[in-house]
Each structure stands twice: as C-alpha cells, then as structure tokens.
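Next come two complexes, and both contain chain A; in the first it sits with chain B, in the second with chain C.
Moving on to the complex of A and B:
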C-alpha cells in the first residue's frame, strides 16, 4: 500500500485546483482520474467563460484546462490517468482500478472531486440509438471531431441545453428545435438568444411524447403540457431527426462519499465551509458537493486544497485565512444574480436595477424589440458608431467593462449589475467589447441617416466565414428574415480569440432589428 | 460526419488511419480515437442488443458511465467502446446479451 499526504479523486476543474493549492503549500499530492485525459469537462467547453478576470472570464474552457494542467505539472502534482477509484474505506484508504488490477493507496487527506453525471428522462423510444446526453454530443464534437448527427432535437433549455445547441450549430449540425417542459427558459437569456437568432425555434411547456425509428432514431413527437403535466390533445408536432439530445440536469457522482460514511443530504455530502465532510480529512469539492459550474468548482477546489494543507501543517493560520478569504469573496461574486443558488425556484419579475425582465426572453428565448430600450446597455441614436449591449439579466460577468479602453461601458464593482452605455461616448468601433462578451450580446451600430443605411457589427463564430461583398439575409432576434444584406467587413484578431466580428449593411430602419447573418447559399459544406 | 474544420477548434489531431474489423468486415478509423467514434463515422449506430428484450443500444453518455455502448472487443465482452482507444487490427463485434451470437438465448 502506497501512502500520500493528499489523494485527489478526479482531475477536473475542482480536483486540479485542489491539488494545485495543496501542492503549492508543499503537500505531496496525487490525483487519480478514470479518463484517458485530464481536465474533466473543461476540454469540451469551447465557449468563453463568464465572471470577472479572476474567474478567467472571456477565456474558453479548454484554455483554462490547459492552464490548470501546466500549473499542476509545474508544482509536481502526480496525475494518474485511466485509474478508477472504486472504493474508499476507513482510515482514508482507497482502492484504485488500473487496467484489470486493483492497487491500494492511503491518504492523510482525501479530496473527492468526482463531478456529476447527466440525468435522463424516459419516454417511449428513449433507448433507441441516436438518443444521447447533451454531454455526449459535446464529447463527440469537441473532443473527437465528429458530428453526433445531422438533424438534432434538444430537450432542455438550461445552460447545458443552450450551450450545446449552439455548439451543434457551430459543428454544422441542424438543430430543429429546443424543447422544455418548463414554461420558462432555464439558462441565461444571452445563451438562448444566440441560438434563437440563427432561426432555431423554442417550444417551452412541451416535452417529448415518443421517439420512433427502425433500430435508430428517425422521428420524434413532442406535445404541449397542461398545468397537470398531461399532454394537451391535438398539440402533437413531429420532427424528422436522427439525434435527440437530453439536457435535463446533472446529478452529483457522490457514491464515494456515501461509501466513506459521510453524512449526506439527499445525494450530496454535507460539508463545512472548507469542503470537509462529516468524516475528518475527507473533502468534497466541485459538482459532487452540489451542481454549479466550472468557475465555482475551481474555487471550491482551492479552498479544500488549502484546508487540507493547513490541517497538515503546511500553511500558517494567517496564510490559510488569506487564501480562504480571497476565494470566498470570489465565490460569493459568482453566486450573486438571478441565477445564483439563493434564487433557485423563485419567479423573478425585475432586475436588481428595477427594470422589468423580458418575458419574451424567458418564454421564447429572445428579446422583443419593444423591451430592449428599457435596458441601460442600449442608448440608441448616438452620433457615429456605438455599442448596443443586449444584456438584460443580472448574471456575474464583466469583461465588457475592461474591454473598452475608452470607458464607454460601465458595470461597477458588483459584477452582476447590467452594463451601462453612456451618452455621447467616444466609441472607436474597435469591437473588443463585442468579442469579449461571453454571452455574444454586444453589437455595434453605425447609423448613416443621409444614406438611409446602417452598419451592424455582430459576433460570428461559424464556418465558412463570409467575405466582404458576400450577400445574404439579415435575421432578427427571433431568427426571422428581415431584409437582404451585404458584408462590409470581417475582422478577426488574436485578442478576439476566434470570435469574428462581422459588419453588415442594412436599411436604416433595420439597425435595431438585424442581429444575425445567413449566407444566401447554405454554409457548412466543408463539414458535409 | 467527421469535422474537417471547426470555427473554434480548427482541425483535430488524429492518429494514423488504420483498419479494424467490425462484425467480420474491414473498417477504417483513426488510431487512438474511441472505438465508438470510428464506428459512428462509419455509420454504425447499434453497438449491442439487450439480453432480455433484444433491443438495440448505441452511444448514450460517451464518457464511460452508462455502459450502453459495450461491445465485444478482441473476444472480450462488455468493453466500453466510447472510452476504449482504437488499435489497428482490433476485432470489434456487436454484443448480444453478453455474447457475439445473435441467436444465443440467455
């Protein structure tokens, strides 16, 4: 039996962060992960993260994963892959399956950072090949470079359902619709908007009735639900698809903490403020201790790693408290806003600023044109070029404020506040705010009244990239075609990190309508 | 099905293009990618048939948790093809119950 001062189970964002923090303090640390590659789900997360600079906002998930791996390696953390921890016993002894053999290890402290697994729902046909988890779609597209299917229906409008739908579009799949039994979109409005404006419909208050096919998914029928969750007769809609993605929530993979004898509340181990469970020296960090997201998992990991190091005598009380206080403040920021843990299950009607929340955004996935003017990021009819920030929910995110060197955008110290665009601003049209917005909700507008036209610049992350002079259709926020348009320019730079900025020319009265560009000839030929 | 170019990820690094055997037929895939990915690229959706009801199953979770994608690989049953890397010359078979025999009764 081999002994380590700290054993971390799981090399995802929480586990790696815990190992980094403990190893930095001097602890001899080993990490086991059942996968062939470390990083957990980070390497599948190709979108830019929310939060502020310290939460690695506007950095894509896989780059954050690379940073964590480099840091862990530099600190001498040993990461053992293809190693499944199958048991945890008294005295913090664990059994690890590597290949067909079992090895025993003993830790002075053990941090369980096993993450979560996807939930599923059952309906006739749910076992047919072609019904997959949204995470499976992400794994196939973003890790292995293969489309899960050609025509996909997504069940679930939480952030996973929304983000994966967008990624399916980026991979060149057709998303026929998003469906959710709830009457309101579950995830961030900005994530929903970037899907709806491409023309994908949302069916809220609907769910899947049945999937049919000969040995594989061929068609799916959805229907509307009444207030007792029964199907409403005559509301059936059938779509021909080859893939159905389920994004119906995540559950902590807490089996190890349970077998270790940790006190559990439902399927979540009870932890103190530092992630320690009821069994001294056994910690839980990240999604296993309650579903959140990767940014908070990294902070929870750091706190647990610091506590393990402190208890082992590697950190002084002062050093420990400094680390914990900084991380707690950072975590608290991420937990604020209308999607924070304290707000779950509550029906909200206004923003912190007292502005009525967009009901079309919540019920259909896009902002209605008449609602936009109420938000502080929208200050129209300015001279020259100016940003229009269609950010209307209090979510923890502020890179746009830092992106603008001219100080046109302000959020303030509270990172969940809505961004404010001033009047008579000195916007140069550089586009860095557009590219920095993780929610892709910033557009640049330049009205040319004398020519009766306007230029609209938008974030664009699809292939093939259009070129100057290309013609196409302008779509509005709900994905409807509003006019014909022409590409004026396309900008990309290292600082924009693969968010291209596309400028289109539209009639003046379309300046506040046109929000997406669709080429006249259907794209995606490169990935047929 | 394969993505030659991705707007964010660019191109995908793959191992050598190799041949393997699926239910007696020669098939191509990239060495090191999960067996399930090579099969999906070749249009194979069914990985196994269940023991009791003989219903087809394919990829579901793609991260080695659900065991829906298990197959017989090099004569060993219950191999999770979504997390098992493809090796040149591998013999991959559809699994019926726990055997490779479609007519076997459990």
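Moving on to the complex of A and C:
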C-alpha cells in the first residue's frame, strides 16, 4: 500500500487549490478524480467570475482551471484521473478504482473535495428524456460542444439557472422562459438582466405542473402557486419545448466523510475554521462542506491545504497564520452582500446605501426604467460619452473600479458597495469597464453624438458577431423591441477577453432604453 | 443522529394519490405510491425504506432520489423532512464490478 503525506479527493477548484497550497509548503501530494478531465465544474464556467483581483474576478472559469492545473503541475502535484475513490477506512486508508483494479492508499491527511450533485424535483413526466439538470446542459454545451436541445424551459432562477440560460442562448438554443416557485429571482440581478434583455420572460411564483410527450419532452405546463404552494386554477400556461432544465439547487456529495465517521450536520460534514472535520486529519473543502461557489471553494481549499501542511510540520505557525489570515479576509469579502450566507432567507428592501431595491428586477428579472435613476452608477449627462452602470445590488465584485484608468468609477474598500460614477468624469469611451463587468451591466452612452441621435455601446457575447453597418432591432431591458438600429462600431481586443463591445445608433430618446441588439438576419442571438 | 420516530402514530388509511405511479427512484424504478404504501406498512426511516424497496440502491446510490424519498416519507408521516435521516453511506461509493473489487493492484 502506497502512503502519501496528503491525499486530495476531487480535482475541482477546492481540491486543486488544497493540493497547490500543501505542495507549495513541501508536502507530497496526490489528487484523485473520477472524471476523465480535471477541474471539476471550472471548465464549464465560460462566464467571467465575480469578486476582486485576488478572487480572479473578470477571468473566465476555464482560464482559472488552466491556471490551477499549471500551478499544481509546477509544484509536482500528482493528479490521477479516471480514479474513483470507492472506500475509506480506519487510519485514513482509501481504496481507489483505476481501470479494472483497486489500489489501496494511505494518507497522513485526507482532504475531501468531492463537490456536489444536482437536486431534482418531481412532477408528472419528470423522467421523460429531455428533462436534464442545468449542470448537464452546461456539460453538453461547454465541454462537448453539443446543443442540449432546441427549445428549452429553465426551472430555477438562482445563479445556476440564470447563467446556464444565458449560455443556452449563446449556444443558439431558444430559451422559452425561466420559471421559479419563489416570488423573487434567486440569483444576481445582473445575471437575470443579461437574459431578460434578449427577450426571455421570467415567471416567478410558478412551477412545472406536468411535462408531456411521446417518449420524450414535447410540452410542459406551468401554473402559478398560491401562498400555500397550491396551483392556482386557471393559471396554466403550456409551452412546446424539447428540453426542460432543472436548476433547483445542489446537494453535497458527502458519502466519504459520512463513512469516515465525521460528525455531520444534516448532509454536511462539520468542520472547524480550517476545514478539518471531527476526525483528525480528514478535511472537507468546497461544495461538499456547504454549497457556495467556485471562488469560495478555492479559498476553502487553500486554507485546508495550508492546515494539513502546518500540522505535518511543513509550515511554521507564523507562515500558516499569514496564509490563513489572507484567505479568511478574502473569503469574508465573498460572503458579504445581499446574497451572502448570512442574508439567506431574509427579504431585503434596500441596498447598503439605503436605496430601494428594484422590485421589477427581483420579480421580473429586469430593471424598470423609473427605478434606474436612483442608483449611483447611473447619471445621465446630456453631453459627451459616459458610462452607465446598471449594477443595483450589493454583490462582492469590483473589477470595474480598476478597469477605468481615468478613475471615473469607484466602489471603495467595501467590495459589495454599488459602483459610483463620479460627477466630473473624463471618460474616453475606451470600453474597458464594459468588458470588465462580469455582470455585463455597464453601457456607454454618448448623447447627441449626431443631431437627435445617441450612441449606445454594450457588451456582446453572441456568435456569429454582427458587423459594422448591420441593421437590426434595439431591445430594452425587458427584451421589447424599441426601435430600429444600426451597428456603427464593433470592438474586441485581448484585454476584453471575448466580451465584444457593440455600438449602436439610436434616436436620442432611446439612449436610456436600448440595451440589446437583435440582428435582422439569421444568426447571432436567435432568441432575441 | 436521527430522532427516533414515534412508532405509535396513527397514519390513517392509505389513500391513493393521483401521482402515485410517478417514478421516484429511477435506478430501481420505485414509484411514489410504493414508497407511500411502505410508510403505511411501517417503514418510517430511510434505511427501512431502502431495505424494503431498494430505493437508492441502484447506479446512482441515491444521489438523485435520496432527498425525494425523504420528503415523501416526511409528508406521509406528517413530520418535517429534517426529522428523516439521510441514507447511510458505505463503500463501495460507486458501482463497481465484482471482478474489479477483487482485483487488488499495487501502485505502478
């Protein structure tokens, strides 16, 4: 039986980060993953991450995955793929299925970073082919380049439901609507807005009643729910779709910690501040120790890896504390804001700044025109070019602040504060802020660019890219057509990392309305 | 860990539901009605239901239906889902051929 100083189970963001931190301290580390590819969910995450620089904000998930793999490799971490841990026994001994054999390994420490699996909900027809998890849809599209379906209904408006809906649109699928039993959109308003502005309706306070079809999904009926969660009679709506995506939460895959005898709280292993479970030397990090997201999983992994290295004598107390303090501060930042773990289940009405939250955004997924002017990122000015930041909820994210070399945008030290556009700004219209915004919520407005004409620049991540001179329709935040338009500029650069900036020409009174471009010809955002 | 459930509670007669034929455990093809009936026959815990019906004993090892079964049992018993234990986990955690399980190899 081979002994390793550290065995990490799971090569996702938490596991790789744990391995990196431990190996950097000098620990002999091996990582097992049952999948054929490492990275866990990271390589499916084609969107830009939130947070600050140290959280790798505005970097796309797959690039973060590449960075982690390179770092792990450089440090001599052994990553074994297609290696399924099938058992865990006394003395931190594990059995791993590799090929058609079982190999025993013993770790001085074991870090369990096995992640989570998707929850399902039941309704008549839920087992029909075509009903899939949102994560499965993401795997098909983003890892294998396969469209999961043509017409899709998404159940769930948490960040997974919102992000995957947008990615389905990018893949060329038609998303007929998003449905959620809750009365408020569960995920970030900016993620919701990206979807609504393309013309996809949200039905909150609704859920799926039944799915019908002959051997596969053909149509789905949704209905409104009353306060007792019973269907309201007469509220049925039927959609013809071939795919239903379920994005209704995740459950930790915590079998290993349970079997190892770790104290559990419901389905989650209880850990101390460093990720160690009640069994000394066995750690849990990432989603298995409580569902959050990849950015926090990476930090939890680093802390667990550092603790394992410290306990093995590879780090001095001072070095260990330095690592932990930096990571804890970083983790604390990510957990701030209206979507932080402490705020779950609370109904918020105002931002930290005391501004009333947009109720349309919470209930329908877009900002209403009359609500926009209250936010500090939105100030119209009649002349010159200026950014309009439609970021209205306290979320931990600040790349826009660093993006502007002219210092037009400020968030301050508190990462969740709303971005403020200064009064006397010197905007050059470079567009770097637009591309830096992971929530795609920054627009550049140039009023009176021509007589009675305004230019609106917007982030655009659909293929095929339209060209300068292409004509199309301008859509407002709710996805309604507001006017005809023409593309006058299209910018992309390496620094913008695949977020293109499209500048369209609209009548002056449409400057604060037009927020999406729908090409007149086939292709591009088909759903719009 | 789980609270011992009161075995003397009167569940009343079993009333068939409109969605009783809905499959809950896909791997073992167990329906909602079968789970509900099992509760009326005295299976009050996840472990009992599992051994009685084989829910969660298939390919996915209950990763999909585990919570669905817990919720059905809780509703039937009129208790909150938190009162129903999670399934016990034990090796092997993933489906494995017996010949593989028996084929122990040293790290090469």
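As a working rule, the second predicted complex is superposed on the first by the 519 of 528 C-alpha atoms of A that agree within 3 Å, B and C clash if a C-alpha of one lies under 4 Å from a C-alpha of the other, contacts with A are read in each partner's own complex, and residues count from 1 in each chain.
Heads up, the rule we're going with is that contacts are C-beta pairs under 8 Å (C-beta built on N, C-alpha and C of every residue); 3 or more make two chains touch, one makes a residue touch a chain.
These numbers were taken from a predicted model, which means no experiment stands behind them.
A.B. asks: Aligned on chain A, chain B and chain C: do they clash or fit?
C.D. replies: These partners fit in the superposed model.
A.B. asks: Pick one for A:103: touches chain B only (first), chain C only (second), both, or neither.
C.D. replies: second
A.B. asks: A:135 in the overlay: touching chain B, chain C, both, or neither? Say first, second, both or neither.
C.D. replies: It touches chain B, and chain C stays clear.
A.B. asks: Is A:259 contacted by the first partner chain B, the second partner chain C, both or neither?
C.D. replies: second
A.B. asks: Classify the contacts of A:36 with the two partner chains as first (chain B alone), second (chain C alone), both, or neither.
C.D. replies: first
A.B. asks: Is A:117 contacted by the first partner chain B, the second partner chain C, both or neither?
C.D. replies: After superposition on chain A, A:117 lies in contact with both partners, chain B and chain C.
A.B. asks: Applying the document's definition of touch, where does A:215 land relative to chain B and chain C: first, second, both, or neither?
C.D. replies: first
A.B. asks: Which holds for A:410: it touches chain B only (first), chain C only (second), both, or neither?
C.D. replies: Once the two structures are laid over each other on A, A:410 reaches no partner at all.
A.B. asks: Which partner does A:127 reach: the first (chain B), the second (chain C), both, or neither?
C.D. replies: A:127 sits against chain B and chain C alike.
A.B. asks: Name the contact category of A:144: first (chain B only), second (chain C only), both, or neither.
C.D. replies: first
A.B. asks: Please provide the least distance in Å between a C-alpha atom of chain B and a C-alpha atom of chain C in the combined superposition.
C.D. replies: Minimum C-alpha separation, chain B to chain C: 5 Å.
A.B. asks: Identify the residues of chain A that lie in both the chain B contact region and the chain C contact region.
C.D. replies: On chain A, the residues that contact chain B in one structure and chain C in the other are 34, 117, 127.
A.B. asks: Would you tell me which residues of chain A are touching chain C in their complex?
C.D. replies: Those in contact with chain C are residues 1-2, 34, 84-89, 95, 97-98, 100-105, 117, 119-120, 122-124, 126-127, 251, 253-256, 258-259, 264, 266-267.
A.B. asks: Under the touch definition given earlier, write down the residues of chain B that touch chain A in their complex.
C.D. replies: 1-9, 11-12, 14, 33-34, 37, 40-41, 45-47, 55-65, 68, 82-83, 85
A.B. asks: How about chain A: which of its residues touch chain B in the complex?
C.D. replies: Residue positions touching the partner: 34-36, 46, 60, 62, 117-118, 127-133, 135-136, 139-142, 144-148, 170-172, 215-216, 461-463, 465, 498, 526-527.
A.B. asks: Using the touch definition from the top, list the residues of chain C that touch chain A in their complex.
C.D. replies: My answer: residues 1, 19, 22-24, 26, 32, 61, 63-68, 82, 86, 88-94, 96-97, 99-101, 103-107.
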